[in-house]
Amino acid sequence: MIATVAVNWAAVEPILPELLLITIGVLLIGCDLFLPRQRQLLPWLTVIGCLTALAMILGSRPTVAFGGMFLADGYAMVFKTICLGSVILSVLMSEHFCRVIGLRQGEYYSLMLFSLVGMLLMASAGDLMVLYLGLELMALPIYALVGLHKREQRTSEAAIKYFLMGSFGSALLLFGMSMVYGLTGTTEIARIAELIGSRQLVANPALLAGLGLLLAGFCFKVAVAPFHLWTPDVYEGAPTIVTAFMSVGPKAAGFAIFGRVLFVGLPELHGHWGPVLAVLALLTMAVGNITALCQQSLKRMLAYSAIAHAGYALLGLLAGTAEGMAATMTYLMVYLFMNIGAFAILMLLATPDAPCESIDDCKGLASRNPVAAALMLVFLFSLTGIPPTGGFIGKFYLLKAAFIAGYPLTVVGAVLFSAISAFFYLRVVRFMYMEAPQQTATLQFSPGMRAALGLCLLGVLGLGLFPGSLLNWTVSAFSGM
Amino acid sequence: MSIPLLSTLIFFPVLGGLSLLIVPRQQTATIRLMALFVSLVELLLTLPVVLLFDKTTARMQFTELHPWISTLNINYSLGIDGISILFLLLTALITLLSVLVSWEAIHDKVQEFFVALLLLEGAMMGVFCALDFFLFYIFWEAMLIPMFLIIGIWGGPNRIYATVKFFLYTLVGSLLMLVGIILLYQNGGHTFDILKLAGQNYSLKLQLILFWAFFAAFAVKVPMWPVHTWLPDAHTEAPAAGSVILAGVLIKMGAYGFLRFSLPILPEATQQMLVPMLVLSVIAIVYGAIICLAQTDLKRLIAYSSVSHMGFVTLGLFALNQRGLEGAILQMINHGVVTGALFLAIGMIYERTHTREISAYGGLATTMPVFAGFFLLFTLAAVGLPGTNGFIGEFLILLGGFERAPWAAVVAASGLILGAWYMLWLYQRIFFNEVSTSLHGLTQLNLREILTLTPMVVLIFWIGLYPNALLGFLHVSVGHLLDQVNGVGLAGPVLPPVNLP
Amino acid sequence: MNILLTLVWLLILFAVVMLHVAYATYFERKIIGHMQVRLGPMRVGWHGLLQPIADGIKSFFKEDIIPENADKPTFLAAPIICLVAMMTSLAVLPFAKGWVLADIDIGLLFIFAMSSLASYGVVLAGWASNSKYSFLGGLRSMAQVISYEISMGLSLVGVMLMAGSLNLSEIVEAQGDSFLGMYLMPQCIGFFVFFISMLAETNRVPFDLPEAETELVSGYCTEYSGMRYAIFFMAEYIGMMVMASIATICFLGGWNGPFAVPFFPPLWFVLKVYLFMFLFIWIRATLPRYRYDQLMDLGWKLLIPLALVNIVLTACLKALIS
Amino acid sequence: MIPLSWYMALAAILFCIGVCGFLTRRNVIIMFLSIELMLNGVNLNLVALSHFMDSVRGQAFTFFIITVAAAEAAIGLGIAIALYRSRRSVHVDTINHLKG
Amino acid sequence: MDAIPGEYLGILLLLIFGILFGVLTLFVGRFFRLSRPYREKLIAYESGNEPTAAPRMRFSVKFYLIAILFVVFDVECIYLYPWAVSYDRLGLFALVEMLLFIALLLVGYVYAWKKGVLQWEK
């Protein structure tokens, strides 16, 4: 006999945005398969879906669903906004770029959405299981996205590297999780902290080993040195649009789980993970910034810069304070706009005949197209962290958080590496404004591209000049966790 | 005060600059006229500030206070005292002159140039008005971008090296200051308000750390020896307008920073570090002057002379008495006017000859007599001839320096002699001697150029003959500043301000 | 349970099964012979009754050839893997109430696991022989087995839904001892899918592509001879028997029959199994072989959707009825 | 009963073999198999712990890991095929078009 | 022997027995059977011709695709089985969830079909 359990449909409510996105993803597959003529509608459908989801998420009240497995709190909301933003911006740009490089797969958009759902789950994960599922749901479509452009030789190489390294990172993470589970007997992140406290496990070597594995796994995911080795190759090999997307969205989601596990699950171990992360952050900044100095490919340079930025974002995490995490969130929000913006200009340079990913291809951009050059200028200065751009506010907030938490030397290191980073960002500016053009092809802005670039500019400058509400939001988001 | 005058001063050029973007790129004439209009109006806008300024109080005036980033306790807080008001005037004036001198010198990317110039003006205004450390830092760094572009795009052949060097030197310094700001924030009651930060007693160790962090930013900007090496490169390669702004305003900001932050906030550290600072200043004076003697490049020579003159400024600052400080501030204005004028003049001649080699000139006095007259005046002002403004500043500084450290004043005085030597020698090489063959048939100065140079002449004599016009603004504010520094018990006679005719 | 008792049971089971295998080959040859209007084996013993014994002795003494390029350890292990996998599945089959060697809760799952394991033997044999025919045969077999494994697995979900258990004895008992209780009727779609998948899983005509004599010269066992070949053969016939038993248990009510048999409880079970064995042979004698693409199409495009439909229907109907 | 530590030791050994295999082998497929080995180490750990602690979470977790591993295998093999088609090799040393 | 739950003992014994049977028949048989290998007997069978080319040639990518599809579809079963077995206890909610699950599975299936993965020969 069927048990007559009362079906509580309201329980589904917190995950409605995710369900909506999945539905739209499925719908996109259907459209692609059965209405191939209407393919140009796919990006707009995707954007509309994402915007609806964004509205739903921003309008929702903080809740705990599925017995603590899914947390729709403010913390999740911030990260979800970042992830949705990364998808919206990339999708707006993709029509243009996919046409240029001849990437015609309609699956592209649905893969993007599925990956997005994974990220949203990660942001909301209140349980190690959900965390892992979200992580993989995010990663699997990206493996495919990286390798989607089959005509290009490099993509499959990038895809296999990303795949192997990603799976390896997941495996490390899982083993760490299994050890934490073994010691505490639960996978619920909030309970882990309680049980560590009540069972006095803080100094337990097995727990420390588990922590080490967890850290390694997370560092793989957010590309922190010395676990960053896959990043440059993958970022360079993937289609630029995918690189832009994956250098922001998945990284933000990675930081979401990183922060959640460390701050909610293992706060008592801060004495252990704080210093470790400090060293890793410095190493990451060093590797990212110094290696970026000698790159000839702009795409690869941006890849290294992405590594360096992971190092900066880590500053807030290692602080272990509410302010630190809020700073990391703020920074990632700004990073969303400036990094995708920079990649967007890189995409504009591409032509069907040549990928135009070298720094030389920027030469004389100011003469070819002053608007594009000016935008790139703003994004690059923001990446360097020069006021009045958002990049400065984000970096300042991070430095302040880490400094006040008691890591002054790390902060000084970060500042020095930040100065080094100016060198290679400036090189691009130099090439754009102070050299004669090598290419003559005119740059074309599709409507989506215009919208995306406008949003990025607005984000970078708006957050630079009026960061108040964002900071309030992130601070209150964290305190609600 | 219902009209936010200072905000208007900051944002009028910014908006004006951005409005240039609306004009189609090809219409360069319109763009130039608009830029001129904006900078002229900006200069006029400073007039109400000057007229309404109350010279009898050391309090900040025209203050504006709006919460900006409440999470971090950062406010949009503006205000000026007697010290900053002079710099506002200087900035507006120098920018106007820069627009004029760039009229024909800039052919390429005209739109971008004037946008950058006006944005730069807004940022400079902001630096002098900001009363919140964070806001100050934002303006301070924001100046870098347009300046980087101005030197890098419209500069001379070696411009890229120069501009990157300029940028990186400044950036490293600024970033260290940023760490210092955070440290100050942490220990100063979690505020960025400059006035609140000043009143507190920090431990000496903290003060020393902060002093060196600020030193990194300000000394690079001044530039003090030995971090001055970016200046000759930047000066040399920058377009005329860039050089004028660099010499006229930008390098004053370092000294302004010392005045506004290091001295009042870190009084004990300042007194501890007095001797090293004086030594560095004296080295800069003498070293800059000696290097000048060996220069073959016109702009480079002026650049090194700036190093030397700024040495006087820091000497005056760290003399830490009324005369020294007033002299230093006056000397900053003077230097801005004189060196600005020199760069303007050089820019004019460079447009005609396209060379900066001193040896390529000769006998210019016969071919361009009007120009020679102007240049002679500027040279004499730079040397510090009594009656010109240069004399007043240097005299006050030496007076103050002598009270604090006679040895420093003595060595610095020798710098004056060297200064006279290289400047007059320069004048001789360019304007007298044989008429160089390449200089035949140069056109005379046109009306625009004469109009550009005339205000400088007026200023030189006005300040030189009636310095109280400016010193009047300073007395109270400097006195208050000295109270802050000496409040911790520096022994020293508090002399009444010197009254000059 | 006592180890000794288990051992005795095991020996009996083994002997019976071996006998079954031997005579299944005999019956197959005989039945096909008669269906094709010929006699089949007649020489050894009365109507060739001793033929299987003679075959056994022959293969035991036959020369054992290992091809020179073969991957020897794998080559040797492959047939044993097949045999062991198939034999082990016997342990969970309930021949009658209580007549089961290992009454485990995951019986059905275990059967699936073992039948997947057997396909390793096949593919390894194909690979290790280092011969083109074997290689292709092994590959085809693998593709075929895994394709039909999905439909087979899905087709039984209906049965699980109705019985609420994976334990084979419980499945039988859930059907009750009446004729109407059998899952054959309510699960007719499932049975259809299962029956076809069963043929394909055991590599029987019309799905004997992997060992098609006329195309691949016996496929994966081209290079095998003598006793090794015999072991493959045994594994295949045990496999048929296991599949027939599963069909019996899941759809025909297992050991239940119209009336209880006093001294030999598994009688109904054996009869039902032999019914299926007869069907196997009958089909072999009657139907032509499928083409490979047809075979894959059938599995992927017809059986899998059918099985899914069956699951949905069963679940919904069950929810409606209650 | 076999004590828990044996299971955990076996799991750790499996995991370490996987790590070593991943780090030392140069064939993409074998590297992938090493990862699967690591995952199975995790699974073993989780199932054993779950059994001994009488908590069902570990087993549920294992379910998910198995599923995800299957999905991963599907995508990984797909990428490996694409790679082989363009390079005629799945050896890591020949995958070196990207560097700098 | 306590470590093994009773029911599995039979399986273990049968397993051992199967292996023993296979190995023993093959091993014992060695002493009785002929062994006269020569080259022609030992080379791979290729209808009587000399074998040409390596036997482990590249084969159709279709086999890979089938394998990939199998892995995905087969693993979905691990959710179907527990659900089916405890269907009675789970109630309507589980039914709806499983219907959604199957619907998603069908989406993947239709996708594969439309992409021609299920078509053996194009």
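Letters A, B, C, D and E mark the chains as written, and numbering starts fresh at 1 in each.
To be clear about the criterion, a residue touches a chain if its C-beta (ideal position, glycine included) is under 8 Å from a C-beta of that chain, and two chains touch if they have at least 3 such contacts.
Quantities reported herein were computed from a predicted structural model and do not represent experimental measurements.
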Open item on the list: Quick check on the contact graph: shortest path length from subunit B to subunit D, in steps?
Closed with: 2
Open item on the list: Suppose every chain is reduced to the average of its Cα atoms; which one is closest to the average of all protein Cα atoms?
Closed with: A
- [ ] Tell me, please, which two chains come out on top when C-beta pairs in contact are counted per chain pair.
- [x] C-E
Task: Chain located farthest away, centre of subunit A as origin (C-alpha) - done: C
Task: Relative to subunit B, chain with the most remote C-alpha centre - done: C
Open item on the list: What's the distance between the Cα centroids of subunit D and subunit E, rounded to whole Å?
Closed with: 20
Task: Intercentroid distance (Cα basis), subunit E paired with subunit A, Å - done: 40
TODO: Find the geometric centre of each of subunit C and subunit D from their Cα atoms only, then give the gap between the two centres in Å, rounded to an integer.
DONE: 33
Open item on the list: On a C-alpha centroid basis, what's the spacing between subunit B and subunit C, in Å?
Closed with: 95
- [ ] For subunit A, jot down the residues that touch at least 2 other chains.
- [x] 1-2
Task: subunit C, residues touching no fewer than two other chains - done: 318-319
TODO: Would you please write down the residue numbers of subunit D that are in contact with two or more other chains?
DONE: 71, 78
Task: Of all residues in subunit E, those that touch subunit C in their complex - done: 1, 6-11, 13-15, 17-19, 21-23, 25-26, 29-30, 32-37, 39, 41-47, 51, 55-57, 59, 62-63, 66-67, 69-70, 73-74, 77, 80-81, 84-88, 92, 95, 98-99, 102, 105-106, 109, 113, 118-121
- [ ] Mind listing the subunit E positions that touch subunit D in their complex?
- [x] 2-3, 61, 64, 67-69, 71-72, 74-76, 78-79
- [ ] Would you mind writing out the residues of subunit A in touch with subunit B in their complex?
- [x] 366-367, 370, 377, 381, 386-388, 392-393, 396-397, 399-400, 403-404, 408, 411-412, 415-416, 418-419, 422-423, 426, 429-430, 433-434, 467-468, 471-472, 475
Open item on the list: With touch defined as at the start, can you tell me which subunit C residues reach subunit E in the complex?
Closed with: 1, 3, 6-7, 9-10, 14, 60-69, 76, 79-80, 83-84, 87-88, 90-92, 101-104, 109-110, 127, 129-136, 139, 142-143, 146-147, 149-150, 153-154, 157, 160-161, 164-166, 217, 222-223, 226-228, 231, 292-293, 296-297, 300-301, 304-305, 308, 311-312, 315-316, 318-319
Task: Interface residues, subunit B side, partner subunit A - complex - done: 25, 67-72, 109, 111-112, 134, 137-139, 141-142, 144-145, 148-149, 152-153, 159-160, 163-164, 167-168, 171-172, 175-176, 178-179, 182-183, 185-186
